[in-house]
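These are the structures in question, set out in turn.
You will see subunit A twice below: alongside subunit B first, and alongside subunit C after that.
Then we have the complex of A and B:
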């Protein structure tokens, strides 16, 4: 790693000022950033650690009935504390990485990084969540802008994420066993006004919605509803773990399984 | 360089670290607690698992500065006060839960964290919890048996 300093602010305001330093980089749980730094793929002057900010941690219900999760909340905490409010989301959090990774990794870190195979982007997009930063609110539909690309501005920090709670939901993850990322993951959520289907791990565009499946499932929420649909392999990721055709096939299979398992 | 202070195995310690100093390097190089191993250095293998404020974390993927003020537990703090092996360590010995032993510190620390939150895990839960701990000797059966035994359960079910 190149040398850098670490700041450990105790409030969002202090973190926001620390982020104004030239070449500052926010540090969530570090489960992706630290391996990146070890490979010398990043050279920040200062890391602004967000995990000591009490006001950015925890799970609660808003008056509007949304599950609100602080940006520095770990996956393990979401798995535990969101289970009663939003089981589909808690189930997703409980299968990220491994137990030790879940004790450090944070929802804000995952969403800010927007890895094309990460789990949380599927939950945020599939729920139509709102990403709250230190300066504004961003709808999930506007937030994800392609692989490792988001609507976040330089120095902007995800302080909270708000998830509308669906009637039914489920996340199906086809695990790439070495990395424990999703080879393909599909988050399905059924709301009163329609179904949302978000796909991660598959596309070179990163997380995205499968609108044809959403339309079919909004009329008939059963795996049969998508049986006639097909997913194009165009733009799907190709690597040693799976071809574009394989990933396209998995999208449909995982969607069907998620619908059948939704509760 | 900033100074960090923490409690390691019940003892107050402090030291000067760089921002980039990993917790595992602080433990091994500064405190000479070399029981915590570095296997992969990419947070895959789990040989470096320690407890930070009671939770299992990979010490190769956390900065020492982030553990400032924390209570850290390592394999060196696992034995009983009289120096005898604790229940988990003894079970690893009894059930031959190690071959080369390199992964063992991380396995024991993960097992301790598991049994703290789930005192009577099923075999499947043990295997799932050890997802982030790799044994390159592939001695998983006996590791699972040892953890089942340490939880006071029948080890026979782990052998199926």
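Then we have the complex of A and C:
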């Protein structure tokens, strides 16, 4: 690690102003950032720790019937506290990493990082969630802009994420054997006005929607509905763990399984 | 019945108290007064010419005490290969120098070309980043077949990338070729034995301390064999006299082979300590472990099995390319040759065996012995090609093996690959295996899996291995440059308890528990009154350390011999105390008695007499009760076994799940069944890891793609099944005093083909004409194989 200062603000306002320092960086659960610092791959001057900000933590229901999750809420808390409101989302959170990761890692950190193999981006995009920051609200469809790229501006902090609750949903994760992130993960959510299907792990563009499947499933929410569809391998990730063809194949298999398992 | 805590008891491991409560003392835990930190600067390219290294900016940085480059070590020796292999044409192998720090060229990613010594690790890192190295990247050669074309050379001075071209047994080559030409059936299989990263939980670490007053050095280091490390540093690398160098391997957190060898970092911290006048400590980070620990396996092989239509074996012929990486690690030349080629007859009476191994330099990390070392490669080739042959001939894979097994009345059996097996009963192992895996119930279980849309397969195989290495005379003839005996000193203290100094090093094996069980039984005393001292060259006799499943068979035998000497001397003392002749003294259950009388004296009283020798026949018997024995075995030990694995494969995703696994091993007499079971479990974890999960992968530029746990899959508990382990069918080793065979590597040797055979069986049952998939059988590889079939 290189030397850095640490700030521990107690409010969003204080955090936002601390983030104005040159080379400041937000610190959520540190599950991505700390290993990066240890390898000397990042050199922030100040780390602004968000995990002491009470107003950024916890799970609640809004009047509009959305599940609202504070940006510094850990995966373990979501797994526990969202279970009654949004089981598909809680189930996803409960399968991120291992207990140590879930007790530290936060939803804000995961969405800010937008790892192409991360799980939460699939839930946010698959639910049509709204990402709330210290300065604005961003629709999930506008937020994800490709691998490790988001609509966040320099210094902007995710303070909350609002998820409309679907009738049925499920996240089907096929793990990359080594990291156990998603080799391919598919989040399926059935709403009164249609179905959303978001795919993570597979594409060089990062998390994305599979609109053909959404259309097919909106008419008939069963695995059969997508049996005639095929997924192109173009633009899929190729690495040690799978070819583009394999990933494309898994997108369809995982979507079918997610639909069958949705509740 | 064993007495409580004696031979055969499931005594719990006393060392686990410190391992499991965080009170171990590992090298990284040791902080020497005034210590400085070393950080290595490592190549980021796989092949490069070092034009210049500019340390001027780093020199004056805060905390920097010294900076070393390869230039500082041109006048000292290189880290040698411990085994000379001659090529088929009689030429000795090529042995390019392996310097302490790279000089002139860097030859793999991670090759260290400079080191910074500073007050703190962070300061050393800062300075390391400020070193400006002008390294001209050259094309890298990674693939072995490509390397053998010699278009790009790893070592210019030897003018080839081929280290040797070895034939075993060369005189059998023509007969084997002839037998294959005339055989009614020949099955051919091309396979890769995948490269593995050892991944000891504890990364390597070393502390060098130079004592100016004594002009002597101490090295605390993560080693499986401190005496060998001392010998190599003294005689080859730095020339420090052996009497001026103490090597201490304290608690070591796993080695699996990777800590057998001497590495340049150890020499560097010693030299640096002398230069800066302070202890110098280095602890590898995990990336350094991935890039620079000696890797394992990495063979590309073609094996042919010639047989009769009824499955009687006629010949095995093998051609292998073995990757040795960029430099020869200490046993890298023995592993693909004598630890592999000599096993190529397997458990079988096959009359013709010929093995050709070409060892190849590449721009990758050095490759050396890793748990099993050569025997897993042999077993995998043999047991995979047999399964393939059985399928081609429409024969039951178990029946084919049984037809060719060496039978119990054939021992000692001279195998066609040049070894003499002393004992075994392979049919008995297979009988037990078929029973405990419930082979009869397999068809039902397959139906149940198919009803769920899954494919189920069963794989069964045998293995034999040669371990407890081994007779010095034999290995000397075969090219070993070291002896392979071991040593133990049994010191009976005046008050009757014991300290036993052993040459073997324990880093998880359980010696501290098992060795006292044995001596406790022999002396009729409580094992708790016996302690094992190991790992410190200033305390222990010269031993060869721990690897090749040799600790009990070789060092344990030395300990038994030393204990026998103790008993013989104690009898003389007892005879004097009892006023009898030594010939009339019996010793049992800790008591010396005069035959036919009730006169007796206890072991403790005799011990006290030895140290307080009043009224003692000083002219006939020396005082004290301490004996040393060196033991050089007559042969290897030959553990064998039969393994079965049942898998379910998801045909939509290619994901393999192991449903059951049974291992029946013949380890001869078992001293502590619980520990032996643990050793088998660990070996199976690594063997299954190799089969399904682990694989070190370099890209064409020589970058290690699997250089962290994000991409290198270590087995996790939920990847592994509950094992059924049995060692009821042991046949004692005939040539060591305890009748024991090595058990440390068996699991890793026998299991990879078991898993692969099971997966192939599953795919075949699903109508897929897949005959082979290279390990690791990841979901994507299994899926691709299914979809290309």
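Just so we're on the same page, the second predicted complex is superposed on the first by the 263 of 263 C-alpha atoms of A that agree within 3 Å, B and C clash if a C-alpha of one lies under 4 Å from a C-alpha of the other, contacts with A are read in each partner's own complex, and residues count from 1 in each chain.
Definition applied: a residue touches a chain if its C-beta (ideal position, glycine included) is under 8 Å from a C-beta of that chain, and two chains touch if they have at least 3 such contacts.
Just so it is clear, the model here is predicted, and its values are computed rather than measured.
Peer 1: With the two structures laid over each other on chain A, which partner does A:1 touch: subunit B (first), subunit C (second), both, or neither?
Peer 2: After superposition on chain A, A:1 lies in contact with both partners, subunit B and subunit C.
Peer 1: Considering only touches as defined above, state whether A:253 meets subunit B (first), subunit C (second), both or neither.
Peer 2: Second partner only, subunit C.
Peer 1: Once the shared chain is lined up, is A:154 touching subunit B (first), subunit C (second), both, or neither of them?
Peer 2: Touch status of A:154: no partner.
Peer 1: Taking the superposition as given, does A:49 touch the first partner, subunit B, the second, subunit C, both, or neither?
Peer 2: first
Peer 1: Report for A:97: first if it touches subunit B alone, second if subunit C alone, otherwise both or neither.
Peer 2: It touches subunit B, and subunit C stays clear.
Peer 1: Determine, for the superposed model, which of the two partners subunit B and subunit C contacts more residues of subunit A.
Peer 2: Touching more of subunit A: B.
Peer 1: Contacts for A:243 in the overlay, against subunit B (first) and subunit C (second): which applies, first, second, both or neither?
Peer 2: So A:243 only meets subunit C here.
Peer 1: Just which bits of subunit A does subunit B share with subunit C as contact spots?
Peer 2: Residues common to the subunit A contacts of subunit C and of subunit B are 1, 178, listed in rising order.
Peer 1: So in the complex, the part of subunit C that touches subunit A is made up of which residues?
Peer 2: Within the complex, subunit C touches subunit A at residues 122, 125, 129, 287, 652-653, 655, 693, 695, 697, 705-706, 709-714, 778-780, 783-784.
Peer 1: For the complex, which residues does subunit A have touching subunit B?
Peer 2: Going by the criterion above, the answer is residues 1-6, 8, 30-31, 34-35, 37-38, 46-47, 49, 51-52, 76, 97-101, 103-104, 178, 180.
Peer 1: Write out the stretch or stretches of subunit A touching subunit C in their complex.
Peer 2: 1, 39-40, 174, 177-179, 183, 239-243, 246, 249-250, 253
Peer 1: Can you list the subunit B residues touching subunit A in their complex?
Peer 2: Contacts found on subunit B: 2, 18-20, 22, 41-44, 46, 49, 52, 55-58, 61-63, 65-66, 68, 110, 113-114, 129, 131-133.
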